[in-house]
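Here come two complexes built around chain A, the first alongside chain B, the second alongside chain C.
Now for the complex of A and B:
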């Protein structure tokens, strides 16, 4: 009997992450109830402050671990999801960090009688920054969701054409990945034991997916027009940024920026 | 090739975000003023087409293709493929949307690094490789051979430019210790191999589409010389040059302000090793060389000659802009020379 070789087609594993984060965004916690602008601005400030530390400033970074440590329980985001989503971010930074270990061999401190080189210190700094910055972005998504984020972009005067196609790309990810899965399944049935698609079949395989996508785009547009779509991104009434929201944003940003200025 | 926040400084991220935002804003303006697209959608219908095509790129990137005789696998890039279908402006917006979703939901590329990633993977493919390499190569008429050659060359050039930008952005950020030469030697050959594979896959897909539905290719209209294709897809050489000049000015001016406050890797190593960043030397040969350098240096130590020992932010920034302009002039002259040599060789055949 045919058994699906899921290892060759990685789409389903990747998309499960999308779904889990979107499910987290539906929760009702104190972080979810915050104004989306407050969460977006705080995340950008946090990431900018974290990456602004010098390559040898490791101890000064440690207080910034408080941010994910506080937000994870408050937003009820499962740490396991965060850890799993962190993995794709590691290879490139690992490459840069290991370069430091190899090329920066001057001892800068001694720990328990062992000399620690500048490269090791900067490696720890790079990896800490990676964990912190990626966690902050994932926490933003898990506590806000794509709908609120895109609405906020429209309020921030990002062109509607761009926001709309961003939302539609996100919306049709699942549909087209499912379509790809169907195509792959049909291919795998015809080529049992094949790992992935053979190079010679690439054009026909992706080309067929492409033509199906274009036809689907036509149907999507026709359906949207039937429902009165005129090219504008439909947004409900703007949620006003209250004095309380501003106060929270100022306090959070102050708590991030002041220690950075003092360090 | 997705850049992470941890490898970038806020200054480099900020400048690249501005450059990419400018390219995206320009694309939106051009799309709004353009007529009907080759996929049959009117101006207000662009978003659904671009959205579904973005999802297509995403789905297509998840498929692994076995590379013969290597035991490894590759996947499609998307930049040139999208540009060949949608034209440069719509494809840049589509790639930006894909990169934003990858960043937010898959931790693939950082939030502050988005500007770098859109520039490295979108702007080079859509605004340089596609209009300056792909389109001219297929302008005389589409055929399987021309599509294959144009795809491979434009994907390779786009990836090489992107990889080199990654090296520059990382080194200018001053986070890693990788020496420039080592980093370039690691990045460029790897991306050459990736580019050839991606180019071959892109070519295979475009050849399939060319056989099945040639009318949906952006280059189809251009190769037939219709007004629609010329108007919508083509970026003129002059406009591209102007855009590159503006970007060079922003990057040179903005980044040099930051660069001025930190010693470079070599100076830093010397300071650590010898306690000083500059050695004092005496002797006939040294004095002669120093005198020649003093006379010829347009902006010694990246500042105005009159700025004194301290230099100035204005001088440093101007030096960055002038340096970028000089590099572009040099590149332009080199291009003219290469073109003249090619013509000369052609006449001799």
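Now for the complex of A and C:
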């Protein structure tokens, strides 16, 4: 369960690995140079359009695979990293989709003489929507970076408190997994032969982690206060949205919405 | 200038952590705050920036007396670097973290950017500008933590165990860098060698009280006295 790979549990590694995508945000590509609002709005429209398809409309989703297929090379996001970050999201929909396969057994089409049930079609549809939506969000992070995204959220009138929570949570996922790893190491070296954490020790382990987290939260808050933090997320001046940005946004949104309307 | 007169701090559990601590540091002066574990070094640093309420005495920085109303002004003038750099760095990217303080000061973005470049450059850490804070080494985090405070251009720096977890080379670099700074510096440390190299003065705390104060070389090389102070 535990791997000393960047000091994290395997299960949490994917979360801390978001930082790997964040590292891609420093690149200088045509996608990175776009205004953050354009990227964020395009992602929101894309996700909304993708999830708007009915559960049996699998073929209509096909053109929407072009979006990540185009963005990955243009933003120079390594596909392997994207896939690794995508995988943790899949089990949730996988189990939901399997339920459909079991309960929706009505044939809705035939492929090569074989009847395909509604459950199988909706399973493929759910998985496709998950892959597309999560990829779009991950690509947004890799091409924009959390700092620009959070600023954009503030400019879009999202409450600053929420944005601040988001930024700190994102930042501390990595720190928390590190703390968990350190605590586990301290446990494991005094518990030779134990596979994972023994049931009887789980309470103490989680309790210690909670106390450490509270302690750390207090220290971080002190550091923030010492640097002038007064509850507001500090944002620099708003970058102006140019006519070119609006044109690109309109074109991208049009390319997403028009096929949806025609399907 | 940093001035403390009879400063006392009592924790909510009734523990008298500091008792009548008093000393003054002139502009640009560097002093080491030494003492055994639990002597009150970190408590004193936290009290100076208003993180702990003072139950008696007076703290003033550049003539401004610390009170509830002056805390923001004091914090703009006094930069504190915590012992654990993970507590200091909370933004995802280094540049964002170093910009956090200046932005909170309401500075224009051009000035913020300039301060980020200057403070990182001053510490030979410009190459870390676009790195992810979480992925830095211990020494790099220490440098960025210091840069994040220097970017606010404080007149006084408080450093809590700055050399802990540093390798010998990083430690030497840190001493060199701190020696080049013009700020008034108060360093709480167990590293007596760093204290001797960096500071002209030493203040020794024992059980929350100043038990010795004077030349760093004189105090920190006298083994009998050090033993007496629990060091």
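The rule is short, and it goes like this: the second predicted complex is superposed on the first by the 250 of 263 C-alpha atoms of A that agree within 3 Å, B and C clash if a C-alpha of one lies under 4 Å from a C-alpha of the other, contacts with A are read in each partner's own complex, and residues count from 1 in each chain.
Quick note on the criterion: a contact is a pair of C-beta atoms (placed from the backbone, for glycine too) under 8 Å apart; a residue touches a chain by one contact, two chains touch by 3 or more.
Treat the numbers as computed from the prediction; the structure is a model and nothing was measured.
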So if we stack both complexes on chain A, do chain B and chain C clash, or do they fit? fit
Quick check for you: in the superposed arrangement, does A:175 touch first (chain B), second (chain C), both or neither? both
Residue contacts with chain A in the superposition, chain B compared against chain C: B
Between chain B (first) and chain C (second), which, if any, makes contact with A:48: first, second, both or neither? first
Chain C, chain A and chain B - angle at the middle CA centre, rounded to the nearest 10 degrees: 100
Figure out whether A:23 sits in contact with chain B (first) or chain C (second), or with both, or with neither. second
I'd like to know which partner A:57 touches here: chain B for first, chain C for second, both or neither. neither
Tell me which partner A:167 touches in the superposition: chain B (first), chain C (second), both or neither. both
On the A-aligned overlay, A:207 touches which partner chain: chain B = first, chain C = second, or both, or neither? first
Looking at the overlay, does A:147 come into contact with chain B only (first), chain C only (second), both, or neither? second
Pick one for A:228: touches chain B only (first), chain C only (second), both, or neither. second
Applying the touch criterion given at the start, work out whether A:195 contacts chain B, chain C, both or neither, answering first, second, both or neither. first
Distance in angstrom between the closest Cα atoms of chain C and chain B, superposition on A: 9
Check: chain A residues flagged as touching chain B and also chain C 146, 167-168, 170-172, 175, 216, 220, 224-225, 229-230
Complex contacts: residues of chain A adjacent to chain C: 16, 19, 22-23, 26, 145-147, 167-168, 170-172, 174-175, 178, 216, 219-220, 222-230, 234-237
In their complex, what parts of chain B are in touch with chain A? 2-10, 13, 24-25, 28, 31-32, 39-41, 43-56, 58-60, 62-68, 73, 76, 85, 93-94, 96-98, 100-101, 103-108, 110-112, 170, 174-179, 182-183, 200-201, 203-205, 207-209, 212-213, 216, 272
Quick one: which bits of chain C touch chain A in the complex? Just the residue numbers, please. 46, 49, 51, 72, 75-76, 79-80, 82, 84, 86-88, 90-93, 96, 99-101, 103-105, 108-109, 112, 130, 132-135, 148-149, 152
What does chain A use to touch chain B in their complex? 8-11, 14, 17-18, 21, 43-44, 47-48, 50-52, 55, 85-89, 92-93, 96-97, 99-100, 102-104, 106, 118-119, 122, 126-127, 129-130, 133-134, 136-138, 140-141, 146, 149, 159, 161-162, 164-173, 175-177, 179-180, 184, 194-199, 202-211, 213-214, 216-218, 220-221, 224-225, 229-231
